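Below you will find the structure I want to go over with you.
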Amino acid sequence: MNVGFIGLGNMGGAMARNLIQAGHAVIVWNRTPSRVEALKSIGAKVAASPGEAAKAGTVITMLADDRAVESVVYGEEGILESLPDGGVHVSMSTISVALSAQLAKAHQNAGQHYVAAPVFGRPEAAAAAKLFVIAAGSPEAVKLIQPLFEAVGQRTFNAGEDPTRANVVKVAGNFLIASAIEGFGEAFALARKSGVEPEKFLEILTGTLFVAPFQKVYGQIIAGEAYEPAGFAAALGLKDMRLVLAAADASGVPMPMASLVHDRFQAALGRGHREKDWSVIARLAAEDSGL
Amino acid sequence: MNVGFIGLGNMGGAMARNLIQAGHAVIVWNRTPSRVEALKSIGAKVAASPGEAAKAGTVITMLADDRAVESVVYGEEGILESLPDGGVHVSMSTISVALSAQLAKAHQNAGQHYVAAPVFGRPEAAAAAKLFVIAAGSPEAVKLIQPLFEAVGQRTFNAGEDPTRANVVKVAGNFLIASAIEGFGEAFALARKSGVEPEKFLEILTGTLFVAPFQKVYGQIIAGEAYEPAGFAAALGLKDMRLVLAAADASGVPMPMASLVHDRFQAALGRGHREKDWSVIARLAAEDSGL
Amino acid sequence: MNVGFIGLGNMGGAMARNLIQAGHAVIVWNRTPSRVEALKSIGAKVAASPGEAAKAGTVITMLADDRAVESVVYGEEGILESLPDGGVHVSMSTISVALSAQLAKAHQNAGQHYVAAPVFGRPEAAAAAKLFVIAAGSPEAVKLIQPLFEAVGQRTFNAGEDPTRANVVKVAGNFLIASAIEGFGEAFALARKSGVEPEKFLEILTGTLFVAPFQKVYGQIIAGEAYEPAGFAAALGLKDMRLVLAAADASGVPMPMASLVHDRFQAALGRGHREKDWSVIARLAAEDSGL
Amino acid sequence: MNVGFIGLGNMGGAMARNLIQAGHAVIVWNRTPSRVEALKSIGAKVAASPGEAAKAGTVITMLADDRAVESVVYGEEGILESLPDGGVHVSMSTISVALSAQLAKAHQNAGQHYVAAPVFGRPEAAAAAKLFVIAAGSPEAVKLIQPLFEAVGQRTFNAGEDPTRANVVKVAGNFLIASAIEGFGEAFALARKSGVEPEKFLEILTGTLFVAPFQKVYGQIIAGEAYEPAGFAAALGLKDMRLVLAAADASGVPMPMASLVHDRFQAALGRGHREKDWSVIARLAAEDSGL
């Protein structure tokens, strides 16, 4: 199908490539034009503006944060102005629940569809078309774009008709990963100070109960203190914790563990770890133990 | 082999049964005598005291807490007095690192072996001989008793020669489970207050990233608010958090997430959840959100 | 001097009264018109809009939150439109640092002065003209309006030329009060569970180290569990903790104690204490202890 | 009156001196004998053992921790063995509630009195005989030793007949001071990162609400980052937080703020601040903010 794709970063670039390779006609736009070349070489058209990409009738946004999404949706040559009647904006970025609610309303008022479809998976999973897609929006729109999800992911979950629910699930999921990392960080610090080799500790943890792939990935990083290069930077982790806390505040939910993890990211940045992998929060417990 | 077994609770009873069924000659002792009948009926001998059980040359303790272990080790008719020269005390209870260190020393002074071998697994795993055993102690002693571990568990990990290291791994592991439960509690509260059905949320979490069996088990309990009957009571969860914090304090490791989870268990008891499953700490975030 | 006064709640009503009694010519505006009657009866003029009040040349805003302040500043008949060239907007509400920065810029662009002058003190202090005023803004503007501060407060502090600094001091101060309350809550729960009478405990605390008047006020409330009627509602406490955390986030400062207190307010609301005095967070530790 | 005095550190040395200067006949003992010289020169007798000091009939202990107190009470030549029938052990050290309960029982069994009488005040207050004494024990014993309290303190509070209550008040009080320090630490970090001068911030805080002397003392240290030399070392702060958390655990009281402060002390030690004043925990928020 015809689809516009906006945002060609580590995640978006890989997703757009997979869409093309699955046979879709993709027209891309990126703020930094240099990123479009690789896609162009495999058959992507290049749009001169977000609005031009939106004219494809279906447009995916995969951008860094709320501000970036707002900048391509609103204003002249923006998505809202150019998306055809009945067209679909598929918002796959990790954005705030509040912005998602606002976009849902704006598109509805404009006679357009809005589907929130954030994903779980690091860049490697995006490259391998192994993302998990959490979609929410009107059933007809979600059904229409299902082929796109199949081209980028291994499985799609439907979180209901209210698009914001997909965003809630996404920010809650990222909180759960981050809090597991913090837990590992504290546990590894205890193990090391108690004379247990990190590799031995990792082997036991991941050989017994903590067998989810993400636990193995982060356990290895932490045991080896291999926080660079970053797969997902600490500064983005902080952003994600702000998103979950904003959602919690709006819903009246106290989340003390999320608060703790948020403060850890803030401290990681303050202690010079901004550009390292977000799992570097595990380093803080070690530092605080004199390791 | 000949083995004494002390402590026939939910865990110990199942383990002793598996030892017998694997062909070992088991002599049991339990503070509450009624518990021995079931074992006797399948071939266990019954000891009149912990010391008599220890005379088997190898003796396993699987008891509720430090105090219970101390009561069978020290004093008249205790293990320390009766275990033969070169005999092995296999301490499988979840006890403090400090007590384990003390027992190691006491047995060494008495010319005996001490192996710490705590386990991961709930009573169902104990019944199915699917426990994970984390063993630490002198290599010869660990090797000698390996058949016993094979009779009760699916896999044994060797945590080194210093017995306390197995206890550190055990308390750290329990902390990681408890903190994952707290994370789920907060995330489910957010989901519910945001209109996401708990069952849908669970399906997405366990269908994407949170695929470890323990995450599924506790996710189901939390989604269904099925905190009774308790597989492992909240009061025991509090005990375990005390153990990890005591180890952390002794090692000079600040563990803010462990502190948070400890305080949650304390609050769970204060709010009347003492006898419920320890995953009831997930209920607190719901209560605090007005759910 | 001539001054407009916008916002006649518990705090603002008392402050406007004190301005009139000090001889100033006050023109008031309140969203709920009924509140103006009492002021009118002692000599206030009544404005038909915020803008009309601003035409006095100096206008004070004393409102509940950011939204209320924005609603009287921006738009038709708003302060920004009507305040004369060189006029002064004195913003005494507890608002976000971010909004204060934005107002400073807007007024500067409009050729007007903006002075942030939040206050410390409960309604009783406002009634008695015993507030503490924390003022920041251009020295000439601050000097000009000093007589107004003298009419409502016992002392004015100058926090510098950048108006936002006064707001930072205010939100930090409220955080310190709230965290002292939380500390008392936990300490009183411990005392009570340990058999120390709350009144005895209070007597010792306030007779030794904790002698600041606010400690006595809140100590008495907590010892007597006299959370109603509210002097300052729990819901407002939550708002204030949001303000301090927003400022912290914007400045890159992790504030774990502020996070903790924020989550306590959220839990207090979730447990049904929304309308009680904000010191009701001290009740949570008691509840969590089974008291 | 005749009184033995055991423990001549910064606090005890000053207290013993004040007892002598008030006309009491004091016989001192200290583990490190060099400390007794100064007291001897102003008229103290010197005991050869804790027991000899106890033979005075009333004996005060003012020592660093539980272990030190146990070492002079129990065993040969200890207080318990030597204190006459009806004699009084006045325990003024900051010790655990649990040890205080144990000492109360031991002295009662021995036909002796035990009065817990911990104090509030730093070494300067001890030198100036301006301590606050929190006494608890049998009314007759407390009355008997009142002159001793008057010689060392400015005021005595009676916390009841159960000696442990005085210890609860003491550890709760120290928690409140430490948590106020942590609050200041976070608030000063926010102020500094927001461009508010620490001295200006301090002036406003202590000129408005935070007027208790201890707030001024610690505010000055924090504003000036003058953590050395230590009036009371960070390692002792950690000890005190352990005491309050142990009391909380024994009473079933979750104290999340105490947990947070405990973890801050642990981190302060881990980051190399062990020997600095305990207010150095305020430095952590600054470090975590990149200051």
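Labels A, B, C and D are assigned to the chains in the order they are written; within every chain, residues are numbered from 1.
Definition applied: contacts are C-beta pairs under 8 Å (C-beta built on N, C-alpha and C of every residue); 3 or more make two chains touch, one makes a residue touch a chain.
In this text, all values refer to a predicted model and were calculated from it rather than measured experimentally.
Taken together, chain A and chain B share the touching chains C, D. A count of C-beta contacts for the chain pairs C-D and B-C puts C-D on top. Taking each chain's centre as the mean of its CA atoms, D is the chain most distant from chain A. One finds 39 Å separating the Cα centroids of chain A and chain C. Chain centres here are Cα averages; for chain B and chain C they lie 52 Å apart. Centroids of chain C and chain D (each the mean of its C-alpha atoms) stand 37 Å apart. Chain C has residues 248, 252-256, 260, 266-267, 269-270, 288-290 in contact with two or more other chains. For chain B in complex with chain A, the residues that touch the partner chain are 97, 120, 132, 134, 155, 157, 159-160, 162, 164-165, 168-169, 172-173, 175-177, 179-180, 182-184, 186-187, 189-191, 193-197, 200-201, 203-205, 207-215, 244, 247-248, 251-258, 260, 285, 288-290.
Residue ranges of chain C in contact with chain B, taken from their complex: 256, 266-267, 269-272, 287-291. Residues 242, 248-249, 252-256, 259-260, 262-264, 266-267, 269-270 of chain A are the ones that touch chain C when the two sit in their complex.
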